[in-house]
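See the structures that follow.
Presented sequentially are two complexes of subunit A, the first with subunit B as partner and the second with subunit C.
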Partner chain A sequence: MESIKDKVAIIGVGCTRFGENFEMTYGDMIVDAVFEAYEDACIDPKQIEAAYLSTAFPELQAAQGRSGMSLSEPLSLSHIPITRIGNYCASGSDAIRNASMAIASGLYDIILVVGVEKLRDLSPRESLVSQAINTGHPLITKGLTAPGIFALFANRYFYKYKVDRTCLAKVAVKNHFNGSLNPKSFLRNKIKEEDVLNAPFVADPLGLMDCTPITDGAAAVILTKRELARNFNKNFVLIKGTSLCVTGGNTLLFQKNNDFTGFQSTIEAARTAYEQAGIRNPKEEIDVAEVHDCFTITEILNYEDLLFCAKGDGWRMVHEGVTGLNGELPINPSGGLKTNGHPVGATGVRQIYEIVKQLQEKAGARQVKNARIGLTHTLGGPGGVAAVTILGIGK
Partner chain B sequence: MIGITSYSTYIPRYRLEREKIARVWNQDSFGGERSVANYDEDSFTMAAESALDCLGDNNPKEIGGLFFASTTSPYSEKLVSSMLSTVIGMDTKALTGDVSGATRCGSIALKAAFDSIRCGTTNNIIVAVSDCRMGEPGSDLEPIFGDGATAIQVGNSGVVASLEGEYVLSNEINDYWRLLNGKFVRAGDNRFIWSYGYLKTLKEVLTDFLKQCHFQIKDFTNIVTSYPDHRAYSRLVKEIGLNKNLIQDDLFKYVGNTGSAFGPMLLISVLEKSTVGDLVLYLDYGSGCSAFIFKIQKEIEILKKKKKGISTFLENKKELPSYERFLEFKRLIDKDNSVSPFSTSALLWKESKQNFGLYGVQCNKCSYINFPIRRICPNCGSKDDFRDFRLSRHGEVFTFTKDRVFPSPDPPLIMAVIDLKGGGRIYTQMADCDENEVHIGAKTELTLRKYHQGGGYNNYFWKARLFR
Partner chain C sequence: MESIKDKVAIIGVGCTRFGENFEMTYGDMIVDAVFEAYEDACIDPKQIEAAYLSTAFPELQAAQGRSGMSLSEPLSLSHIPITRIGNYCASGSDAIRNASMAIASGLYDIILVVGVEKLRDLSPRESLVSQAINTGHPLITKGLTAPGIFALFANRYFYKYKVDRTCLAKVAVKNHFNGSLNPKSFLRNKIKEEDVLNAPFVADPLGLMDCTPITDGAAAVILTKRELARNFNKNFVLIKGTSLCVTGGNTLLFQKNNDFTGFQSTIEAARTAYEQAGIRNPKEEIDVAEVHDCFTITEILNYEDLLFCAKGDGWRMVHEGVTGLNGELPINPSGGLKTNGHPVGATGVRQIYEIVKQLQEKAGARQVKNARIGLTHTLGGPGGVAAVTILGIGK
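What follows is the complex of A and B.
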């Protein structure tokens, strides 16, 4: 099997502010993110040969995102193939993976990837909560919500490793600090541990400040083959590895071999991506990472699944400041999902935006020092789908 | 010999102090408390509890029939007895039937079951009787009513109480009724209906029945009689000169009149205390009266050891915090809830063995247990190579959460992953528990509950409750 390493380059990225974008439509966000990316790549829109659109929940936004048409409409793009990707929270990462494969195949030279989600035109009760009530199997797993899934893991993790909510609070404090330095982040307030511990419960042991807020947002990435990259952007970034692993749906919660302290999907996706990128010691070789902190517990489990530490030691990494902005392995310098929120289809693309900016040393106040190799990770559904992307600076 | 071969009672966990009702309506309270079915319970789910317990470890395929009796069936059209027979795993060729109408419907079904066994149609039948009647808020009936279920198995072998005599009498009177689509039971003038309904009928039966079978009141170790209202019962006791020792009123005081299940529940409470040779007269009222005489057999001692008994339910109770919570459980608070959960009868039909019968499959190659049922084993990859595996209802919490996002009439909704005894794992809602009681390692028992009315019909599935 061939590796995708160094075949595909990112030449432009764009991203809207993530937040309650009440004043913007689904299409407005696409236009803003994509035109920022066009400008970044010094590219004419007519040069785009194909596109991928990532939106996870079209049914919550007037069916926008159900097909490639939802991208061609706002951008007035015509006569090019546009594929819509939906793969829960890994949708954005998967769109980039598919675009990379299309470039690597030689079929297209320039591809646009857009991740976008408009969740806040509805109240959470009308959108994600009503989804939990009204859709899915009429009986099996009824009562399942996103915080409810990860809370199962938190309680089991606490039980197994004899830790408590304070380790979760440290994740939130760290990510809020990072988010305060990110002008495109929704939440920009610094917080204290007690703020997290005193917040009302959402799904015990997860409180309100352990959860990602519900936001709108869009992000765009323009890809080309390595040989052409320099013509557009001298500061291009290379894809070192991109992987996706799907393990199963909600019935994962019924599997006896699920120990509820990690995700097999992440473990497998990481293994593949590391192999492609030739990474043997992730903790030493990765300089910066954006990982899927939909809930604070998830970030801790990700550390372990991504092999940044041994199993059971995830909580220590944040405890000891290893993953802080100035630590050995800064995680979620953007503030992560914790402060940016999680417009589902956009998140994976936003993570790429962040890592590209970090590798290009354009991340401003939240810049991580000497970042050469970066990683992004998304995790979706009941932990049944995960994607890992590894990026390196092209110079 | 034919007679009762097994029995069981189910009383929901929640109670409402009558004082709490009286305070709201500025009335006097006669004390005690009434049982309240949880928001996810109905006459079918309560009947399932008692029928499963009544069956015990016996093979469901050997049960010849099942009758469901209730004045509050969740369906006007559709057999609940056939749902019950699927839940307990009976043969589809077994006799099923629903009986409704008066609160005496349980005894009407009991009589039909005895007749069926006597004429040789079948060897044993379970009669599941269950009710959750509603009195209008603020009415006399509201504190009197309680919710509960019983199941009585009758047959011709292993008899614990032999049938020694029976009698029926109809009495046409508008004393208690509920119109089609009416939510609340209505009653006529108490002084009139007790005199010409309950008292007149019971006295007539006592006289005629005892004369017919050559017994006298003093011959009975116990006389069990259902009653619509405790005041009517006091009058009966006084007028026929019933010995104080024969009166069973704990159930009324702490549970209430459980409709059609009340008579059978009183009978079971007496059977639980009876010993070999005791003679029990059982009278059940409702648009007339059904009467039976039972003689206690020595097999009752074995059964008594196997059964939890009514006292377990009287002890394991939980007081509702408020009258408002009671109204919420009874769906009497009007809310603008526009939920419409997806459901399809084609899917539920295909999965009824799994969702009602609690069947998973076990891989013939690697023994891995799959629930929900699937065609390809996730453990070894073999295809369509499984045998049926019925999950145990008993298990232990592996992990859980108290979810405050998913709407519930009794928040927070507790979701748990449960490892089942003998294999298999289930992720489901928890029922009847306080949020502070649940912990990893807690022992649990699965209980059938109503989830929602998606598709326009009732959607039932298993939840877990703490094992008590």
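What follows is the complex of A and C.
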């Protein structure tokens, strides 16, 4: 088995503002993100040889995103192969992973990857949560929705490590601070710990401000093989590792080895990506990361699953400011899902956008210092699908 | 740009009976197809390093097929990457294409691809057609459903080449004859031309027996790199070419260059696949093919788009028996979509199953003679997405 390390380069990225993009259609958002990426890569659209579209829930968006046609039409990209991937919250990361393998196979030299999802135009009756409840699954109708599931993890974590909601509040405060510096973030207000602690409960112990909002958004990435990267963008970024791990289906939560304080999918995806990238000490070697903070507790569990700290020490990292913008290992400098929201198919691609900007030192007010190796992580399913990508500065 | 030719081998295939599989769940069908493929490849499930799941319409099947978890659960395939692809009727072909590139990239040695869809459990109100009509698209509500669109092509074809419904009837008779010999086919009754001509109209000139039925089904393919194939199965099959072409979105039908007698997506996908496979004279070099006969007229247009004959001569091929089971270029020896039906995500994988069996001379009563190079073709969207795969006997 060969490694993907350093074979594939990112030469351009683009991203819409995330939020309530009522003034933009699904196709408008694609155009917005992709033309920013074209410009960033100094590329003529005619040079794109293949593409990937990530959209997770076409049925919530008048069937947009059911096939590659939803990408070809707004971009007038005709007569090329366009694969459409939907893989829950890991859709965007998995699209980039497959595009990377397509480049590494030698079949295509230049590939466009776009993640896009439009979820704010829906009435509450049509929303993602309603759709889940309407499946009539007995556990979901009893409250085992996404907040319900992650609340179980939070309660178990509190019990096992003798901590309380303060650590969750600190995650929300940190990510809102970062988001306030990100012009493309949905929420840009700074908050205080008491705002989080006093917010109404969604699923005890998770309050409203422990949850990510649902938003609209699109992001785009242009990939090429390493040898060609410099022709387009001297400031290119290399893919060091890209992995996906699926651990199970609906019975996942009830598997014997689930201790409700971490996700096996993240642990395995990280192990594979670190191995590909040759990373032995993630805490020392990773300089910045975008991780899947669908709920504040998830970010803390991610620290542990991604080996940024020992098991049970995740809460300490945020208490001690290690993961703040000026800490040793800044996490979610973009504001994360917490302030950007979670347009499901777009999130993984937006994370890559953020890490590329950080590595290129183009992240403006939210720039972290001396970032040479970055990581992205998505988790979906809930918990059954995880993806990790590791990026490094090109040479 | 490198070619994929002869880098990837198929070492095992499996397929459920297609039809009204009320007694099997979505997961049961996966198990049925995949364990046949395991046995065919003489492989231990633990050797599978990555997988692809093709399902086009999860929202019609209680969300089954939204992510790789829907494959991992029934198979207890845990801790591997599973990408889920949905790309209209080309979903299965595109999953095999992406799996082939993943093998060619060197990242994985053994990959499982599964296509599955369960569409017969739905009430008419929930059906695929109802869902389309319920989008409220003004053209669809006026009758521009799949039969309505392909009827436009049939009428134009009749007008341009001065032929009538007889050629369509001959396609249906041929495919029903083939299907009668295929134990896994849904429809197994032989029919006569007058049965087709006297059937009630669905969309003039297409009658009930010009249309493919909707069915349940699953099919599986196991891929490895050429160097390893012989260790598993001495009778392996090689991928000579695999392509996908997306030509546009909803406005496709109204593009200036659409003459309503062919599909640019098929033409371009075929051109790419032939180039990869080094095929210059498809009519002479292709020995057997499974093509996308969603309607009888589509099969005739496919003959022309795939360069099996000159433009306008497709109807002659079926009139002259060229594409019959004992003809020079047998098409749809399985019975095609016409008798197997069209469980959307499964179809492209079932076609590969059929061509592999034909090349291995394991197709039983429907075996064609001296087949060394075979082709599969799917078309979706309608018409905006096409995929072509070319297979050859391994050496």
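By definition in this document, the second predicted complex is superposed on the first by the 384 of 395 C-alpha atoms of A that agree within 3 Å, B and C clash if a C-alpha of one lies under 4 Å from a C-alpha of the other, contacts with A are read in each partner's own complex, and residues count from 1 in each chain.
To be clear about the criterion, a contact is a pair of C-beta atoms (placed from the backbone, for glycine too) under 8 Å apart; a residue touches a chain by one contact, two chains touch by 3 or more.
From a predicted model like this one, the values you see are computed outputs, not experimental measurements.
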Q: Scan A:Ser78 for contacts with subunit B and subunit C and give back first, second, both or neither.
A: second
Q: Tell me which partner A:Asp28 touches in the superposition: subunit B (first), subunit C (second), both or neither.
A: neither
Q: Considering only touches as defined above, state whether A:Met101 meets subunit B (first), subunit C (second), both or neither.
A: second
Q.
I'd like to know which partner A:Asp121 touches here: subunit B for first, subunit C for second, both or neither.
A. neither
Q | First, second, both or neither for A:Gly248, with subunit B first and subunit C second | A | both
Q. Which chain, subunit B or subunit C, is in touch with more residues of subunit A?
A. C
Q: Give one of first, second, both or neither to describe whether A:Glu275 is in contact with subunit B, with subunit C, with both, or with none.
A: neither
(Q) Just to be sure I read the superposition right, which of the two partners does A:Gly381 touch: subunit B = first, subunit C = second, or both, or neither? (A) second
Q. What is the shared patch of subunit A, the residues that subunit B and subunit C both contact?
A. 135, 248, 250-251
**Q.** Complex interface listing, subunit A residues touching subunit B
**A.** 129-130, 132-145, 147-148, 151-156, 159, 200-206, 248, 250-251, 253-257, 260
(Q) Give the list of subunit B residues in touch with subunit A in this complex. (A) 339-344, 347-348, 355, 368-369, 371-372, 374, 378-379, 398-407, 412-413, 415, 417, 419, 423-429, 435, 440, 451-452, 454-455, 459-461
(Q) Could you list, by residue number, the parts of subunit C that touch subunit A in their complex? (A) 1-4, 49, 56, 58-59, 62-63, 66-74, 77-88, 90, 94, 97-98, 100-102, 104-109, 135, 243-252, 264, 268, 380-381, 384-385
